[in-house]
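Each of the next two complexes has chain A plus one other chain: chain B in the first, chain C in the second.
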Partner chain A sequence: MLFSQLGYYSLIFALIFSVILIPTVHRDLKIVNNVINPKILTVVFLQLFLVLLSFICLVISFINSDFSNETVYNHSHTTKPLFYKISGTWGNHEGSLLLCLLILILFIFIFLLTSKKEPKKYRIFTLLFQQIIIIGFFLFLLITSNPFNYLFPIPTEGLGLNPILQDPALAIHPPILYLGYIGSSIIFSSSLAAITQNYVNNKWAKNLKNWVIVSWFFLTIGIMLGSIWAYYELGWGGFWFWDPVENISLMPWLCLTALIHSIIVLEKRSLLASWTLILSITSFTLSMCGTFLVRSGILNSVHTFANDPKRGIFILIFLFVLILIALFIFFVLYKPNKEQQKNFLFSKETSILLNNCFMMYFLSVVLVGTVYPIFLEVIADEKISVGPPFYTKLLIPFLIPFLILMTIGPNTKWIKDNFNFINVRLILLFIISILLSYLILREIGLSGLFSTVLIGSALYLFFITVMDFFVKNQINLSQKISHFGFSLLVLSIILNGIFSSEIITNIKVGEKYDFKRGSIYFEKINNFEKQNYISIVGTFRIYDDNGKEIYLKPELRIFNQPIMITSEADIKTSFYSDKFLVMNLVKGNDFYNIRYQTKPFMIWIWLSTIILASGGLVNFFYKKIK
Partner chain B sequence: MYGKKVKLRALLISLLLVSAILSIFLVLKSLEENVIYFQSPTEIRNLSEIDNKKIRVGGMVKDNSILINPDKITFVITDFKNEINVSYSGSVPNLFEEGKGVVAEGFLKDRNFFIADKILAKHDENYMPPEVKEALEGK
Partner chain C sequence: MRKKKISVSVIIFVVFCFFVLFKALNKSNTYVPDIISGKKLLSFNAKKLLNNEQVNSDVLFNENKIYLLNIWASWCVPCRDEHNILMQLSDNPSIEIIGLNYRDNLINAKKFINELGNPYSEILIDKDGTISIALGAYGIPVTYIIDKNQIILKQFVGVLNDQSLKEIKSLLK
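Right after this comes the complex of A and B.
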């Protein structure tokens, strides 16, 4: 009660600070010096403090199970473990928006602290644009989704958090993902500021690159956490389903990845300035579109949680305003640098441009697949969905030139290259890779030129990146690590796809099911009483192809509030492969529906993603060591 | 005639254009092949012909219709006007229950028989696929 009030009023005061900031900033712009008025910093700090306070109040309301707060009532329950009470704070719409707001302000504060060497006007304009976004979020939060709504009479028990969200990976998934999404807001604001100040140059690129990498890093890790969760909690036995909600997080990621590359060209060669700006603006727009589509319920996805169309309209208007501002600034105020640079067809610039073309192609495929069903529903009132074959068919063939380009590109020189580095060894390595992939495929009785070349080029990239670690001086360590991680990721995904096997059957306790290479014996079932659910654990003895006996114990959880059943897969992980068993209950039947899967190299998919992301981090630490 | 630079630029632009057109063509073509239409049992009943494209069928699982044996599950999807028999071998989501909404993905054998290869899971006990909701409201 007290905390709800405190939280609500500190939000309002924080919004007032936003409004106060604008005239203060306006006055400060007229003063010609290079130091921002310390008052402005103080105001931003106070704003940060107030929103943080409001967020902490919400967390405390959740911990105390204060059901006079509507958000807490809707998403919490007294029997929920403490950890999920806390994570419930951002497991719902209102709380997650408050978290977004907090991150928005935190980032602009960090930006102001770390950009002291840059022109004053540019910093102030960045602050201004960021404040426009912040005010938009404030209004959205306070008008359509206030997290501190008061309920009377006070309910004695809450409705509970969706059990499927009560999971460690999903508890930290939203904050990390938001860091990535919202990180792109700084890129957006500072791009617009740089345009107004005519500051789009290599110095700007150098500083902005850090922000791009930060938000890219968090987005990568955020997507991975969501994917890990889907793998073991949904029990579909996969890690990526091309579901609209997944696609929506992938789109800004592709855009940011393209941006990381193009911004390097801007930094080193002062080229591609307009393109970089377009990418910066697009990244943030895509992130915002993501929020819009997920929150408005327009997307027809299995991940859809309860939502409210009114909110959708608000975000749509807000998004529209932001895009309009961005377009206006870009087309009216932007004065491209007319300086002519020497360009050659064969150079690092060209290879990065090609990388960007591929990224844009991947992005448009994902975009079309995600948006087309919405489009068709509005236009023709037809309900459709786009299946995974659409994506695999369009993306995978283009992976081959992309992978080969990735091996050649980083080794080319800036400005002009005559490909002196292509020597017998590189060509030999390519032939070896192709041969190796042919042998791997023959081993399992598969063949086909396409898969051979695909695995071959992934192997090639893998070898080249490994070699690069030893051969050359470590100038581009972060690039090498990330590219190495990517090659490993592609390899493990392909091999995982080829070698996975699965058995699905319906089985009763005490029965045995024989399959081609082994058998599954359903030994027993046990019930346990837990804090807020009843746990049903099945014990399965499995003889696999190599005659080894393993026990897997998948679990069903019957939650008390809301009453809902979730399955927890049991997974035996090793470096070579994962054994995955999940069971489902069919109500009113003795049969349990089980799915047993062997998924090779599963752990490598996660590890390689971590390697891929850590390439970004290395960029920061390595600089410090030097 | 023209400078080297102009030629290079013309080449690049035409290359980009060609590849853009090609990729748009590719995307549209495979989109056409891979979209999955959603249909209710009534719509299926009224189909003039049955093709072997993948579709989704949505509705309620009819009471007392789930039959399980070790390698498949059969049940009836109804929209309270028409019904369709579904045969499915695969894993079922936990919220699959008699009297609850369901969406099955697969192929039609004839107007009364559907072979599913996927049953879609839902994340929320109150959540109903919009298609099902509409099909039920329209009953």
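Right after this comes the complex of A and C.
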């Protein structure tokens, strides 16, 4: 209770600091020098400290299971392990918003510390725009979703955290994802500030690029963790389901990926300035849209938090106020640089522009698939849902030219290129890739020009990116790593899609089920009493056609608070493929429904995503080494 | 001029999006899968809270009446809220209210009844929660309306309110 009070009041004081900041900043703007008044930094630091304090108070309330706090009561339980008590802090609407707020202030503080060489007014305006967002979050938190609401009489027991959220990957998924989402707020504020100060130039691009890469890095890792969780915990036997909430995290990612590329053009060639600004503003808008769609409960999915229409209206208005401010600044205050640089058709600039076109296409497909059902329901009162076929039909054909362009693009020169680097070796390599892909497909009895070319171009990109590592001057190491990771990712996803197999059957203890490539034997079933659930573990022996046998032990967990049955798949991961087995109760008899899947190259999907993301990190370390 | 046209059309588009999303907010999308309705009630054995006597559900739900099966617990705060509704319903002779006490301390459960009144004609104990899970409850309170053939007519997840009271009354006609 003490901690709730402390947390609540430190939030209010932190909001007051936001208000104090405005006159201080106003005074400081009039002074002509290049150093920000140290008072401003102190105020931001104090604000950061207070919000951190408030967040720690919430964590402590969760650890102590202080059920006088409504948030704790709704989302925690005394029998929950300590680790999940702590992760429960951000596993709910109120706590996660508090975490977002903390990250917002942390980032602007870091921005102020690391941007000392940049113009003073630009930094101050970035701070101002960021504070508008921060104040919006404060009001949202305090008015509609106070994490420190008091309950009386104090309940003796809490309602518990949704059991499917009790998973290590998911415990760290939200904070990392928020780092990515909120990172884009700095991009947004500093773009607006740069417009007002007429500072949209290559120097600005060079500094902002770091922020773009940071948020892109966290977003990539965050999406991957969510995907790992879906694969292991939801037991649907896949890693991406085109669930609206997944799409919502993918949209800013696509936008940031496009931004990373276009901001390099701005940095190196002072081109595409307006386009870069549009992308910067869109990235954050898409992140905020994501927050709106998830938190307002418009979309129903695994991620839906307990919703309250008041919250939805608040975020909606806040979101559109931000969009209108951004539009106003962009259309009214922005004065594009009229100086035209010479630009040739065959150049790196063009290839990056092409990359951006593809990214925008992918983005619009995902956007339409996600938002169209909402619009349709409002306008035509018709309920539809958009499923994976829509995305695969629209996305995959465009993947082929995208992959092929990606092999050419990075090797072109700035300004003008005559494609001298295209030689017999590269063409030969392309033919080999196509042949190889034909052979692979024939091996499993599939054929078809389309899949042959698709796998062929994925293989080709893979070979090219590997070859790039052996070029003498390593100027673009981070790009090479990321592109290599991406090619590996595409290749693993495609092969995984083609080679996966699945068996679904109902089986009793002691029974054996034979299938084409082996057999499954259901040996026994054991019950265990755990801290907050009862665990039922089945033991299955599986022989494959090579005579190898493996044991898989899928589990059913019957949670006590709230009562809920979750099934934990058992997955044996190896270098080449995953064996995945999940079981479910069949009501009313002693049969269990099992699903056995072999999923090749699963681990490569995670590994290649890590490689893809680490390319961004290398960017920071490599500079230091040099 | 061109810039003006673009900016005006962008703003019109943004405003349009705002209104669509605003409308969408008011559309209800709470959706409870109704797979349970229309099915026969699962047969189960349970002890009674007040006299510890074993009873079978087939015997209990046997009369020519509409039954309301309410899963509750003394520690469940929302259950306190809906207790009033149950008390109101208990005056109605055409419905019989059965309580299923979920994972509770029996002393607390009895206290709860003594304090707030007893709307139930019978209270059964589900000490380890298995009956509730088998019935398809994934959180409490949950209420089922069951007809004389033991067919589940309707399931209410969460607290009963005036709206659900109306629905129940319409089922009694």
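Convention: the second predicted complex is superposed on the first by the 620 of 626 C-alpha atoms of A that agree within 3 Å, B and C clash if a C-alpha of one lies under 4 Å from a C-alpha of the other, contacts with A are read in each partner's own complex, and residues count from 1 in each chain.
Here is the rule we use: contacts are C-beta pairs under 8 Å (C-beta built on N, C-alpha and C of every residue); 3 or more make two chains touch, one makes a residue touch a chain.
Because the structure is predicted, anything quoted here is derived from the model rather than measured.
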Touched partner set for A:113, first chain B, second chain C, both or neither: neither
Which superposed partner A:564 touches (first chain B, second chain C, both, neither): both
Contacts of A:595 with chain B and chain C, given as first, second, both or neither: first
Which superposed partner A:439 touches (first chain B, second chain C, both, neither): neither
Partner chain(s) touched by A:324 [first = chain B, second = chain C, both, neither]: second
Partner chain(s) touched by A:312 [first = chain B, second = chain C, both, neither]: second
Contacts of A:2 with chain B and chain C, given as first, second, both or neither: neither
Residue contacts on chain A - larger count, chain B or chain C: B
Partner chain(s) touched by A:369 [first = chain B, second = chain C, both, neither]: first
On chain A, the residue positions that both chain B and chain C contact, one per complex: 300, 562-565, 587-588
Sites on chain A touched by chain B in the complex: 162, 164, 234-237, 300, 302-306, 343, 345, 357, 361, 364-365, 368-369, 372-373, 376, 382-387, 389-390, 393-394, 504-507, 511, 513, 556, 562-567, 582, 584-589, 591, 593-595
In the complex with chain A, residue positions of chain B that touch it: 5, 8, 12, 16, 19, 23, 26-27, 30-31, 33-38, 54, 56, 66, 68-73, 89-98, 120-127, 129-131
Of chain A, residues touching chain C in the complex: 73, 155-157, 159, 292, 296-298, 300, 309, 312-313, 316, 320, 323-324, 327, 331, 374-375, 377-379, 558, 560, 562-565, 587-588
Chain A-facing residues of chain C, complex: 3, 6-7, 10-11, 14, 18, 20-27, 29, 31, 42, 75, 77, 102-103, 129, 132-134, 137-140
